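Dropping the structures in below, format is structure tokens.
Below are two complexes that have subunit A in common, paired first with subunit B and then with subunit C.
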Partner chain A sequence: MSALVDYLISGLAIGCGYALLASGFVAIFRVTEVINFAQGTLAVLGGFVASSALTSAGLPHGLAEALGVLAAGGAGLLFGWIAIGRKGTPPLASLVITLGLAVAAYAAEIAIWGDQPISYTALPGDFVLAGAHLLRQYLLVIGASLVALLGLGVFFTRTYAGKGMTACASNKFAARVVGINVRRVGLYAFGLGGLLGGLAGVLLIPIEPLSFNSDIGLAVSGFAAAIFGGLRSFEMALVGGVVLGVAEALIAGYWQASYQTVVALGLMLLLMIWQARGRMELA
Partner chain B sequence: MLKATDLVVRWGAVTALDGVSLSVADGEMVALVGPNGAGKSSLVQALAGLVRPAGGTVTVEGRLAYVPEGRQLFYDLPVEDNLALGAWRGRNREPKRVYEVLPELAPLAKKKAGALSGGQQQMVAVGRALMADPEILLIDELSLGLAPIIATGLANQLKVLHETRDLAVLLIEQNAEMAFDLCSRVYVLENGRIVTSGSPAELRRSETVRRAYLGAGGAFQGTGDGTAGGGAAASDRA
Partner chain C sequence: MRSATAVAWAGGIVAAAVTLLLPLWLSPANLTVYTLAGLYAVTAIGLSLLMGYAGQASLGQAVFFAIGAYTVAAASLHGVPTALALVAAPLLAAAVAALVGIPILRLRGHYLAFATLAFQLIVLSVISNTAFLGGGIGFAAIPSLGVNGAVLTSARGFAWLSWAVTAVAMVLALNLIRSRPGRALRALATSEAAAESAGIAVVRYKLAVFALSAGFAGFAGGIYAFFIGYLSPDSFPVELSIEFVVMAVIFGLGSVWGALLGAAGISVLVQVLNQVGTAPGMPEYMPTLLNYAAYGVTLVLIMVFLPGGLLPALRSLWARVAGRRGDPGGPVGPGQGAGGPSAVALGTALASALRLSPAKDAGEPTPEHARRQ
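And then the complex of A and B:
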């Protein structure tokens, strides 16, 4: 029983991190129709910058993580400017640009931080739940992710800027008609994606040490969670992230850790096929 | 005041507008009629600044708002948000002032735009444009896809708005009878060119215009072959 609780809570925490990454994919795709394959890179950057801020600059926790998140947001804006800044760039070309940026970022990351995995302790200690000893960091990840996703919901439904972003996602031509600069809003979406990716990075790095090429695994998991909601729904991205994270933890715990990603992604695929069949039957 | 001079718009190799000139004075209500494919939507998008012309100039003096063809609402947002977004460039985002002139919208405020009838959606589209506090209003196909009684009701509301607010209107309309009834001046666009213009009374005297645009039911009857222009009373062919 205690092992099951351990797997569920740790899976939930990792899944929340995936949900943050997935929300970044969704935020960017809804406005720009670009799949930002540098989303994992933004998480790695956020984690690395926070780590340097803690260890090299000696900044306190909270401030260091905030710096990591802001740096990832800035990198997101830069990536967006490169990917969609030129008028008329088709989404497929932008997607390829984001892939190129992710690879190019390796060089910068290795030059600055080296090629060894990086981690730090954020919230030390553990707690006991149903006999299982769990990291307190899990609670931080789950809590911070839920607050961030709730904030995202408030931003999109209650603020004028968020509604403008939703308007761009809903009808780009109409958005232009009312005077919204859709390309600029797309850049903001990249910035938002960067913030969400950076938050995922600073929350996950104490649990799973990150190295320069961790972006692939993070991007694949975040993307899988995002397409669970058709790349358009933040709520379903959260569900997708949690399902993926918990499935990975259960597979690693009860079977083989080396199979966890492949089997969990296979499970996600089956769930999406089931979802699609349900939609077809409704139609 | 809205003025286009020698406007040329191209979509790739296709020339949609070929040297179009027209003007709408302050507080004037002007119609533009023409068959499908004449270039009406290209013209209105160029006037609204959504399409960059290949040649010619557009002069806009005053705030301009645009009601596009097919309503083009934010269908998954409620009416009140659709209206508020109409004030994107402005400061006053409170839709109350639109509810005062289009009171039918007030009870629909919380409804999603996608759940409304065609007539209600068109009213939201007009209301959204009014949120920009325009001095010039471009309306592309007010009556398209609407039952005649709904279209007439909207046309009457538009006339009241024009009269009470001294709003300049350029109405792009396939329902020529409606356009002739509402507006003080009419342009006829065919094959990307203004083939004739004048007051509704002048154009009604043209046998060609009557046959092409004012046939049974008043709806457009033309073939788009550019035959309406010859007999018009006051031509300003560009």
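And then the complex of A and C:
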């Protein structure tokens, strides 16, 4: 029983991190139709900046993490400017550009932070639930993710900028007709994706040390969660992230840790193929 | 046009002679780079057919390279004649691609890109957990390629083998794109619905070109295993797949010559940077850093500023220079497509229509993009 609780809570925490990454994919894709392959890179950058702010600059917790998230948001804006800044770049070319950005970021990350995994402790200690000893960091991840996703919901339904983004997502032409600069909103979407990725990074890095090339695993997991909602729904991205995180934790716990990627990725493939079948029948 | 063809033929012959003679004076380290460049070129040519002509993105092409390499390693270490193992490598890679392609090729664009990436990660993970395939440690002491007791051991021999295979791959690819299936692939890349209604068996063609590209990668991977002599799952990371994409893209997606130049150019660039990075006084991580920077920055710069690749940009520059000189024999404007039997010639091949990997769900194309197509 205590083992099950352990797997469920840790899976839930990791899954919330995936949901944040997935929300970043969704935020960017809805507006720009670009898959930001560098989404994992943004998480790694956020985590690294927060770690440097803690250890080198000696900033207190909270401020350091906020700095990491903001830095990732800035990097997201920069990536967006490069990927969609030029008029007429088709989405698949933008995907390849973000791929190149992810690889180029490796060079920058190695130059600044070296090639060893980095971690820090944010919320030390553990707590006991139903006989299971759990990291308190899990609670922080779950809480912060849910607050961030709720905030995202408020942003999209209650604020002018958020409504503008939704408008661009549902009909670009009509959005342009009412005077929205679709390309600029696309850039904001990249910035938002950066903030979400950075938040995932600063929350996950205390649980699982990140190195410069952790981005691929993070990006693939986030993408897998995002396709639960067809890359368009934030709610389904949360569901997808949690399902993926808990499934991975259960597989690692009850079967074998090395199979968790295979099963998670296999699940993603099956889901994609199943969704494609639906589209074909419609067509 | 005739004088241009003659120039192109002469250029081609010179290039072939240089390719043949280079191994005679290259240093051992550079000879390794040269050999690997040929193997990467074979893979990039296959990827160019898949991405540039059929319009299907693959971010997992290294998996077929790995399947070829593992086929050779596992078979020859279990006593299968090495030549037979090398024949099996592309066949198995192509068979796996055909099998996986049936469900996966239903996906389009970004989805296919991520699916191929996921497939590579799955295969690598399975290999790491399979004792029969060497697990996480991999295989060492793979015997070298031998036929009838004659064993290929010299580095020069491998260099020639690698580039001979590249030449065969080029001929196959160039013939394919000028044939009826080649035109069918181009058609389905532009619009699957239109191609389907014109009687093209879209699913079968996509599957065939996916298997063919995997076969190219598998054969290259097989030679790689003989050449390097050891391998592990870490030999075929996702970065390798991305490197193949860079090679296929930078000189112009949709041109097999572009893929060849891309593989050669990137290999030279990386080797030069490697020498810079290993110079005394440089930090230990410098070669890795420069390697990533080379791939990443090149890819971003090309895709942002010359999304059609380097070749069309050079071609229009050449056309402008030739036009100013009033030379009627030079290649004409960029609108000219490939065609005619003389297309084998370098000049005309350079003029083959270059376009960006088509994004069917891309929304409205801008005039600039439409013109390029």
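Rule of thumb we're sticking to: the second predicted complex is superposed on the first by the 267 of 283 C-alpha atoms of A that agree within 3 Å, B and C clash if a C-alpha of one lies under 4 Å from a C-alpha of the other, contacts with A are read in each partner's own complex, and residues count from 1 in each chain.
The criterion applied here is as follows: a residue touches a chain if its C-beta (ideal position, glycine included) is under 8 Å from a C-beta of that chain, and two chains touch if they have at least 3 such contacts.
This one's a predicted model, so the numbers in the text were calculated from it and none came from an experiment.
Q: Using the overlay on subunit A, decide if subunit B and subunit C clash or can fit next to each other.
A: After superposition on subunit A, subunit B vs subunit C: fit, no clash.
Q: State whether A:Arg277 touches subunit B only (first), subunit C only (second), both chains, or neither.
A: The answer is second: A:Arg277 touches subunit C but not subunit B.
Q: Subunit B or subunit C: which reaches more residues on subunit A?
A: Looking at subunit B versus subunit C, the one contacting more residues of subunit A is C.
Q: Kindly classify A:Ser214 by the partners it touches after superposition: subunit B alone (first), subunit C alone (second), both, or neither?
A: A:Ser214: touches no partner chain.
Q: So, does A:Gly266 touch the first partner subunit B, the second partner subunit C, both, or neither?
A: Only subunit C; A:Gly266 stays clear of subunit B.
Q: Does subunit B (first) or subunit C (second) touch A:Arg176, or do both, or does neither?
A: In the superposed model, A:Arg176 contacts subunit B only, not subunit C.
Q: After the superposition on A, what does A:Arg86 contact: first (subunit B), second (subunit C), both or neither?
A: Only subunit C is touched by A:Arg86; subunit B is not.
Q: Which holds for A:Ser23: it touches subunit B only (first), subunit C only (second), both, or neither?
A: After superposition on chain A, A:Ser23 lies in contact with neither partner.
Q: Shortest C-alpha to C-alpha distance from subunit B to subunit C once the two structures are superposed, in angstrom?
A: Superposition on chain A places subunit B and subunit C at a least C-alpha distance of 6 Å.
Q: Do subunit B and subunit C land on any of the same subunit A residues, and which?
A: Shared contact residues on subunit A: none.
Q: Considering only the defined contacts, which subunit B positions touch subunit A in the complex?
A: Listed in rising order, the residues are 48, 50, 66, 68, 72-77, 81, 84-86, 88-89, 93, 128, 132.
Q: What residues of subunit A sit close enough to touch subunit C in their complex?
A: Touch list, subunit A to subunit C: 33, 35, 82, 85-93, 95-97, 99-107, 110-111, 114-115, 172, 213, 216, 220, 223-224, 227, 256, 258-259, 261-262, 265-266, 268-269, 272-273, 276-277, 280.
Q: Show me the residue ranges of subunit A that touch subunit B in the complex, using the header's touch definition.
A: Interface residues on subunit A, with respect to subunit B: 160, 163-164, 166-167, 170-171, 173-180.
Q: Which residues, counting only subunit C, touch subunit A once they are in their complex?
A: These residues of subunit C touch subunit A: 57, 59, 103-104, 106-111, 113-115, 117-119, 121-122, 125-126, 128-129, 238-239, 242, 245-246, 249, 285, 288-290, 292-293, 295-300, 303-304, 307, 356-359, 361-363, 365-369.
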